[in-house]
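See the structures that follow.
Each of the two complexes below includes chain A, the first together with chain B, the second together with chain C.
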Partner chain A sequence: MYEEEIRALSVKLLDEVEGVIGYSWGTLPFRARPFLCQKKEDVTHLVFNHFCGSNLARYLLSGELKEKKIAILAKACDARAITVLIREGQVKRENLVIVGIPCYGMVDRKKLEERFGPLQPQDFEWHLDSLTFKGENLSIGPFLEATCQRCLHPNPPLYDHLIGQEVTYIPRKRWNNDALTKLDMVSREERWAFFAGEFEKCIRCYACRNSCPLCYCKECFAEMQRPYWLSGAATPSENLFFHVGRSLHMAGRCVECGACERACPVDIPIALLPCKVEELIRGNFDFEAGIDPDKEPPLLTYRENDPGEFIR
Partner chain B sequence: MVNEDRWEPKIVAFLCHWCSYAGADLAGVSRIQYPPNVRVIRVPCSGAVNPLYILRALREGADGVLVSGCHPGDCHYLSGNYFARRKFFLLKELLSWLGIEEERVQFSWVSASEGQRFAQVVQDVVESVKRIGPSRKMVKEFLLHV
Partner chain C sequence: MAKKLVTPEVFRKKVADQSDLFLITERAQGVYHEFLPQGLRVIKTPKELIFPEWEGVYRFSFQDRSWKVWEIETGDFSPRFLFLLPCEARAVIEVLDGNFLQKDYIDKNYWQRRKNLHLIVLGCYTIPKTCFCSLVGGNPLWRDGRSLFVLPFQGELYVENDETMLFGEGKSVDAREEETLATREEELKASLPPPLPSDFPQKLYAHFDEGIWKDLSWRCINCGACTFLCPTCYCFDLSVEGRLRGLTLKTWDSCMFPRFTLHASSHNPRPTGKERVRQRVMHKFSYLPLREGYYGCVGCGICREICPVNWDIRETVERMAKYLG
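Here is the complex of A and B:
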């Protein structure tokens, strides 16, 4: 999708920037990977499709790119992450050319497999909000990643160039399939049974943290020696400690992109935790990360009438 | 293994230096009786309580955690407790959503002159934690099996 536009623009941009961060096809089908395009002859590798799930803002932080003038392809959540990074002083706005892409959502390969069995790329044709499987046209909604089904901001809030047309609907309303709300409806013990099972599975590889565009600490609390917050043992209690701790570090910063859970090798829907915190912040502190760069982040401010009934 | 018959809850209490710690002190010097289950840790301000302290106390085997600071408007550092309130709200809601018992982590405002109130808060916290029993969900596994 949009490939002609993206490639033509990249050729132009490469006159003024050192590279364009985008996506290319990976070695596996149904999987795109981040790609740094530095030569005009390489723009043909640039692609955009429903499998571009990694949040490219993450790559702005890598040492070699940090001080350079760079163009970056940005889905709505990538652009939100960039907004947070600028606000936090991690990247300079003047070093960036942001190529915004209105986003119809990323497709979850597992959902495709469940429905269609072993996947063959040639059986599929992809359109903005639908797909064709062996001639049959289907809505893309049921196959989207959980975080995309509950997305509230499909259009990038910040960009220099915009590819394509803005999305005209709110995905959360249209797909009406919010994993958080589903969990809200079950009892506390059922939720615990679910999460305990997930924390049991976690191997603490930190792929979730490492793929998150906003987990950029040079020394993460998970690996600190002083204080020695938690051991490296991947036991359920340590895993819960890590994930609750990380979710609180993301409070008011998580852009709900789902990159963390896409990266998880054991399929833990780990974005549920930071997204739950964002939902609490949205409802109680009237804030959304990466939307308005001038708004004070929620934990750096307070209101006298904040919720306080839980305090004796 | 915890012996359930003789079990007494262990409560870790983070008390701010200026209000709640002084309130606890007043309870002491006034000879007000309250349950001996709390282990007090003095902190400069409720705003200085990193949520990781609370998680860590629970993981190390505390059955409950109490965090107590100055009443809103009374913070020695003017607004530390307002910032704390936001953090604690998120921590409490997240833990409860994950399925942790609400009673495990409790918060109060107790001023330096409220010795009686401090004793009452501790009484209430200990009783509520006794009702739900020993902590299991967040404690290090090997502590549960020794």
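Here is the complex of A and C:
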């Protein structure tokens, strides 16, 4: 999708930037991957499709690129993460050329496998909001990643150039398949049982945290020695503590991109926790992370005349 | 070596009847599910049975003005049988045993767990896309000659080394069948991609400072997921929990983490992703083969499967091999 446009623009941008962070096809079928394009002859590797889940904002934090002028392809959630990083002083706006890209959602390989068995790339054709499997046209909704099915912002809120046309529907409404709503509907006991089972599986590899574009602390509370917040032993209760702690650190910062969930090697739908916190903030404070760069994040703000007594 | 043929029905029934003796890795389950009864305990990676994610090493307490320290000993384990794929078996037999059961030092708790864990190697009759065992000295039918080995053959299951008749008496393999098997094995091996050049570890070692590492490592976000699920990665951390009373905890660790090499002085000899990725590749493809004679990678491909950004170890070593000529 949009390849011509992306490549033509990248050729132009490479005159003024050190590199363009985008996606190329991966080494295995149904995978695209982050790609740093630094030479004009390499722009032909740049692609965009339903397998470009990785949040590229993560790459702005690596020391190498931090001080350089860089162009970056940004889906809505990447652009939101970039907005938060700018607000938090982690990257400089003037160093970035943001190439916004309206996003129809990313496809979850596992959902394809469940439905179609062993996958052959030649059996599929991909369109913006549908796919063709051996000639049959199907809506893309059921095959999207859980965080994409509940997405509220398919269009990037911040960009210098926009590729393609804006998405004209709200995915969450259209696909009507919000994993969080389902979890909200069950009883407290069932919900507890669900999370207890998931935390049993967690091996505390921290891949969720390490792939999050906004978990950039040099020293994370999870591994601190003084104070010693939690044990390194991956027991269900310590795992719960880690994930609840992390979700609270993400409150009003998490952009609901699903990077954590995508990285988890044992398939824990871990984005549910920070996403739930964002849902509460949306309801209580009318705030969404990374949408409006000028709006003050409610949980990162202190006012002497705060109406809440416990804060003063 | 005892060799026999067992019917799939008998095999399945024998496993079902003794199901609490058996465990299976998730990948082996993926390949062999049609031959096995449901409900076996499935584990992610063989290492979690012998080198668990975390364990206490010793307890300590300060009492009557002196320190008391007790080793935490793992109890006895009753014998268990683990179904696993050839690459996973190689990871245990060559790499993990090689590391934890050395001539001059035996990790006691590892040995406690390992000595009663019997491996049942399931030969790969279909080869998943992510595999590359033949590049690193393995093959889809690799076995150590002592462990149990199972392979579908002419509608039955061919079994080696079943001294205890775990899968029943079966019928012995005749000379013609043996020949057919051997020919097929040869044909299969000949069809696989060739191993890495034998001087690869040496050449890699000599190219520690090469600029190409920056390029090779860029994509990796050092999330660590690959090292936690890699069947050979054995690095661990020791941390002390508690002050006057507590324990020393051993947990899985990863060379992908900045803290892995962070000195108390705050100096870090592997400050960026480049050094960390280079270490992961070097340890597996240079240091271990040069020092111990085996690769630290068995080509199982699980890291390629799970990496969230498709940083690909096979691509990396093949690129490096080409670059080094």
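Throughout what follows, the second predicted complex is superposed on the first by the 300 of 312 C-alpha atoms of A that agree within 3 Å, B and C clash if a C-alpha of one lies under 4 Å from a C-alpha of the other, contacts with A are read in each partner's own complex, and residues count from 1 in each chain.
Everything that follows uses one rule, which is that a residue touches a chain if its C-beta (ideal position, glycine included) is under 8 Å from a C-beta of that chain, and two chains touch if they have at least 3 such contacts.
This is a predicted model, so every value here is computed, not measured.
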Margin query: In the superposed model built on chain A, check whether chain B and chain C fit or clash.
Written below: fit
Checklist line | Superposed arrangement, angle subtended at the Cα centre of chain A by chain B and chain C, nearest 10 degrees | finding: 90
Margin query: By the touch definition at the top of the document, which applies to A:F195: first (chain B), second (chain C), both, or neither?
Written below: first
Next item on the list: Once the structures are superposed on A, label A:K276 by its partner contacts, choosing first (chain B), second (chain C), both or neither.
Entry: first
Margin query: After the superposition on A, what does A:C151 contact: first (chain B), second (chain C), both or neither?
Written below: neither
Margin query: Which partner chains sit in contact with A:C77 here, chain B, chain C, both or neither? Use first/second/both/neither.
Written below: neither
Next item on the list: Kindly classify A:E304 by the partners it touches after superposition: chain B alone (first), chain C alone (second), both, or neither?
Entry: first
Note to self: Tell me the contact category for A:L60 with respect to chain B and chain C: first, second, both or neither.
What the structure shows: neither
Next item on the list: Enter the shortest inter-chain Cα distance between chain B and chain C once the structures share a common frame, rounded to whole Å.
Entry: 11
Checklist line | chain C-contacting residues of chain A that also contact chain B | finding: 235
Notebook entry, point to check: Can you name the residues of chain B that touch chain A in the complex?
Noted result: 51-52, 55-56, 59, 72, 79, 82-83, 85-100, 106-109, 121, 124, 137-141
Notebook entry, point to check: For chain A, which residues count as touching chain C in their complex?
Noted result: 26-29, 31-36, 53-54, 58-59, 62-64, 203-207, 210-211, 218, 223, 225, 228, 231-235, 259, 262-266
Notebook entry, point to check: Which residues of chain A touch chain B in the complex?
Noted result: 183-184, 188-196, 221, 229-230, 235-238, 240-241, 244-245, 247-248, 251, 273, 276-277, 280-281, 284-285, 298-299, 302, 304, 306-308, 310-312
Item checked: Touching residues on chain C, where the partner in the complex is chain A -> 44, 53-54, 129-130, 214, 218-219, 221-229, 237, 239, 241, 249, 251-252, 254, 256-259, 271-273, 304, 306, 308-312, 314-315
